[in-house]
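Structures given as structure tokens follow.
Look at the two complexes coming up: chain A is in both, with chain B in one and chain C in the other.
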Partner chain A sequence: MNTEARLQRAKDALAPFTRETFAPETNRLDVVIDAGDLTKATAAMLAADCGYLSAITGLDLGVEAGYMEALYHFCDAAAVTSLRVRLSREGQPEIDSVADQVPVASFYERELSEMLGVTVVGTPDPTHLFLPDDWPDGVFPNRRDFKIEDAAPVERDVPKIPEQGRMGNKFIVPIGPQHPALKEPGHFEFAVDGEIITGARMRLGYVHRGIEKATEQRNWIQNLYLLERICGICSHTHTSAYAMGVEKLAQVEVSPRALAIRELIAGMERIHSHLLWLGVVAHEAGFDTLFMYSWRDRETIMNLLEEITGNRVNYSISVLGGVKQDIGPAESKSIHKAMDYLEERIRYYLDIVSTDAMFLQRTRGIGTMTRDEAILYGALGPTARASGLVRDVRLDSPYGAYKHFPISIVTDERGDLEAKFAVRLKELLVTCFTIRTLVDNLPAGDLTVRFPRKVPAGETVSRVEAPRGEAFYFIKSEGGESPTRIKIRTPSLCNWTSVLNKAVGHQLADMPMMISGMDPCFSCNDRMVTVRRKNGSQTMSWFDLRAYGIEKYKSR
Partner chain B sequence: METLLAITSIMFFPAGLSLIFSGMLYEWADRKLVARFQNRVGPRWFQPLADTIKLLAKEEIQPLGVNQALFFGLPVVALSGALTAALYVPIFGIQPAYSFPGDLIVTLYLLSLLTMCMGLAGWNSASRFSIVGATRTLTQLFAYEAPFLLALLGPAMAADSWQIGKIVAYTESHWMIVLQPVGFVIALIGLMGKLELPPFDAPEAETEIVAGALTEYSGRGLALFHIGRSVEMVIGVSLVTAFYLGGLGNPLIFLAKSLGLLLVMAFLQSVLVRLRIDQTVGMWWRAGAILALLQILALIVLK
Partner chain C sequence: MKIGSMFKDLLTSFFKKPITELYPFERPDVAKRFRGKLYYDPAKCTGCNLCSKDCPSDALEIIILDRAAKKFVARYHMDRCTYCGQCIQSCKFKCMGMSNEDWELAALNKEAFEVVYGRDEDIATLLAKFSGNKTEPAKPE
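== the complex of A and B ==
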């Protein structure tokens, strides 16, 4: 089925609710519906099999326009259907929850309600998702008339987080925000009965940096470097998604060579991310030897990235309109050499994780998620593919060089931790192969093309397959030097639902592995808004911090 | 004179300072070997000593709601239990300082004292991680203790004595590893369980419960527990070496043998994945205890 047919199917399904339709891009369909029809329209979309709810964008059209919009993006292969619900700017507009149909939407709805000031009626959990608990009422960062001065923290009791499963009068083991199992801050509470988990809940938002909001104050070029810093692991994913979207808006055609180099770097990033994941999960299982070995081998790819781009973490290879560095004969030689080594090592690790009896005891049958559950929970990326659900933007909606250098998809039907290991490691072998092909067949062309300072008005959706799954970008320009709105939905957010729902009934000892099994990235998750503390300033110099520590210690 | 000798033997040799220092050396050897197996550089030779000095110099924080006497007393009891056990064990291939019929049982119980103290300390700490850790420590104790005891009873039955000195004299001419291979494996793995080394480190699995029973301990108390643990390692390795690897013999050869045993333990630590507590218990009772019993049965029948 091609994209037009898919869009037509969505159009037909939505026909009873449609107020207005327009097609901003060839693969997109925007349907304006009434707020009251939202739940019915969602049900119709799901019933007609028109894709999954990928993100909800809250969009303030400004004081002059007099209304706001909530965009429900449904992705179906390359086709993106957006339900646009118009909301009044006056008072507290209301919208119905779709979380009973799409469980993962509860996260999106929480974000929508705290960022745009929309009351989501019937959402299972109305508390803050990303914003701190002491955020003032009635201040919404995504509104156009938001002022940072209004966001001074207020004193209030921390609201209770609703529970999943039985929590009541139970022994609760807290994990995080600071805990040896977590490499980034997040907070989990597990109610245990002996060693068995009877309830789980989570609180995110410890690493807010306000990046989405910050993009609105920076120009198109500055944003590239800002968005790269969303994540230290998949930095290239974010620059790719952003650059791709902005290039679409500006109608700039990037040369095939630059696109191929972007795919090459994305492949290397995937290798680096998956090897890092392998080490982390092995460490969670108490298998430090595998941890040390896989991280040693990860150095190969880090050194390679450094050799090509000059950087090890934020590679900064993409620019708007192309890439910065070329791949010459010397680079391609070292890439081949590195791939030789890595392929051998990855085969070895694959052998270990699928044959070592002790290791299998900790992974086989743990956290099993069926294909239907994966669809229900909205799982993405390797987490979904390990349950036999093929969701991969590189295949569904080939972007950039993936049209000419396609990848083959690895899936596994088992859905447990063992399958996640198998999928990720086999994916590495595929990636190594793709990298070799790319290096040997780099198309000719310029590295960059001229890019305008101002980007024409328009909206675009840009989707990229990160190592963890689909990263979703919605970019809106009003023709100025900086974007009007950038909405980012990272894959980790979608995968949380599956872990929390699967936790109950497992042993406490399995939890670190299950959490890491979906490869969570808290930094990607939390990125929304500037947090200001009581003393008014959020930056502390080293000397201030030291003085503060000494003072605090003395005054005990 | 008698008293002076007793004080010397407790304070300096064979228990006391010499044992503490050798415990540190064993700990270093273990850490270094594991590090090398894991493709790391590993600590320098004086690292355990530096760690201990650092811990002893640090502030000891007492959490709210604990029984103070227990909180400070338990580490001392744990260490003194381990040090006392050393009096009956041929450390470094030298005849034990004291000996009486049945000292094997006393030694084993003195060694368990450390684990019991850790469990109690965790329970007393009133921290959620400590309580889960303490539960796991004690659960694991009940899992490996019986098979470990049975594995050490094998040589004792062969030697017809429950006195370590006599058993060692007998094993000097009989290599028990050849005569009772099952017992040796169980003793070795039981020792790893006793020391909470991987794969039996569920009681202190850092990715789940931080540091288990000892989470709330800092400074002196933590140092004492650590010393106790490394002392236990020396005693355990010496005991298994003396029982199964051809008795005492030359002290240098004995040291080489126990280092060889340490090498095997470090290798196992590096290649095995941590077991969940239910898997540990299941393994010991389903395989360990039954195998040990079968071996004892075979010994009785063959005798």
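== the complex of A and C ==
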């Protein structure tokens, strides 16, 4: 089925609710619907198999326009259907929850309500997701008339992190925000009955930096480097997704060579991400030898990235309109050499994780997720592919050089942790092969093309397959030197639902492995420094933080 | 299922040289394209200021004394720099570059992070002009 047919199918499914339709881009369909029809329209979309709910964008059209919009993006292979629900800026706009149909929408709805000030009726958890608990009422960062002065923390009874202990009949084990098993801050509460988990909750936002809002104050070029810093591991994913979207808006054609180099770096980033993951999960299992080995071998790819791009992380190789660095004979020689070594090592690790008796006891049959569950929870990336669900933007909607240098998809039907190892390690072998092909067949072309300082007005959706799954970007320009709105949805957010739901019934000791099994990236999810202090305020300015650090140091 | 499938690897690793480097006793070779300290050549500059406009971290200021006589002074804040290399990309006259030699940039005081490039007499003029009301970034109360 091609993209037109898919869009037509969505159009037919939405026909009873449609107020207005327009096609902003070739692969997109925007349908304006009434707020009251949202749940019915979502049900119709799901019943007609028109893709999965990928993200909800909250868009303020400004005081003059007088209304706001909530955009529900459904992705179906390359086709993106957006339900646009118009909401009044005055009073208390309300929208119905779709979380009973799409569990992962709960996260998106919490973000929508705290950022745009829309009450989501019937959402399972109406508390803050990213913003701190002492955020003032009636101040919404995504509104156009938002002023930073209004966002002063208010005195409020902040819900405390429960102490370890009984809550009624349950025993709650809190993990985090700072915990040895977590590499990044996140808070989990597991209700346990003996060793068996009976319920799980989580709280994010400890590393929320307000990047989406910050993009609105910077020019198009500066944003490239800001967005790169969303994640230290998949930095290139974010720059590619952003560059791709902005290039589409500016109607700039990037040379095939630049696109191929972007894919090459994306492949190398995937190798480094998966090897890092392998080490972390092995460490959680107590298999520290494998952790040391895989991180040693990861240095090969890190050095290679440094040689090509000039930096180990935050490569900054993409610019708007192309790439900075070329691949010459010397670089291609070192790439081949590194691939020779890595391919041999990856085969060896694949053998170990699928045969080592001790390790298999920690992975086989743990956190098994069926294909239907993966669809229901909206899993993405290797987490989905390990449950036999083929969901990969590189295949569904080939972008950039993936049209000419396609990749083969690795899936596994088993759905447990062992399958996640198999999928990721086999994906590494596929990636090594793709990198070799790319290096040997680099198309000719200029590295960069001229890029305008002002980007024409328009909206675009840009999707890129990060090592962890689909990264979703919605970019809106009003013709100025900086964007009007950038919405980012990273893959980790989607995969959380699956882990929290699958936790029930497992032993507490399996949790670190199950959590790291989906390769969570907290920094990707959270984009404000949030600290709990004695006076109850959770936010700290840079100067407060510095003064706090000096005071702490002197009082040692 | 094999038990102890990593024994061979363990044994061979036992006789290998450690993978760690003995920095600072051995200074490692860094990549040719490594982005270290920024260098600026006022002779090639036209004072278009595109570099400082595009800098994501406000690390660069080009102060124009006399455009015709090519009197430019660049004030480079090394501590704010993210070493992304966008200024080099934005510059159409190739008056900037990043060194792969100077990368040991740690210092014990903040003053060391402010680097000024330009002809000595231009810097002197500028300093004379601003002595007394030196522009300082806002300090915490």
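Note that in this section the second predicted complex is superposed on the first by the 516 of 556 C-alpha atoms of A that agree within 3 Å, B and C clash if a C-alpha of one lies under 4 Å from a C-alpha of the other, contacts with A are read in each partner's own complex, and residues count from 1 in each chain.
Please note the rule applied: contacts are C-beta pairs under 8 Å (C-beta built on N, C-alpha and C of every residue); 3 or more make two chains touch, one makes a residue touch a chain.
Small disclaimer: the values here were computed from a predicted structure and weren't measured.
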item: Clash-or-fit label for the pair chain B, chain C on chain A; value: fit
item: Chain B versus chain C as contact partner of A:356, first or second or both or neither; value: both
item: Partner chain in contact with A:257 - chain B first, chain C second, else both or neither; value: neither
item: First (chain B), second (chain C), both or neither touched by A:274; value: neither
item: Partner chain in contact with A:311 - chain B first, chain C second, else both or neither; value: second
item: Contacts of A:225 with chain B and chain C, given as first, second, both or neither; value: second
item: First, second, both or neither for A:86, with chain B first and chain C second; value: neither
item: Touched partner set for A:296, first chain B, second chain C, both or neither; value: both
item: Which of chain B and chain C A:28 touches, first, second, both or neither; value: neither
item: Chain C versus chain B - closest C-alpha approach in the superposed model, Å; value: 5
item: Overlapping contact positions on chain A, where the chain C interface meets the chain B interface; value: 289, 293, 296, 356, 358
item: Contact footprint of chain C on chain A as seen in their complex; value: 218-219, 221-226, 228, 289-290, 293, 296, 299, 303, 306-311, 314, 316, 319, 324-325, 348, 351-352, 355-358, 360, 448, 543, 546-547
item: Touching residues (chain side chain A, partner chain B) in the complex; value: 171-175, 179-181, 192, 194-195, 283-289, 292-293, 296, 356, 358-359, 361-362, 507-512
item: Chain B residues touching chain A - in the complex, by the definition given at the top; value: 37-40, 128-129, 131-132, 135, 198-199, 201-202, 205-210, 270-279
item: Interface residues, chain C side, partner chain A - complex; value: 1-3, 5-6, 9-10, 19, 30-35, 53-57, 82-86, 89-90, 98, 140-141
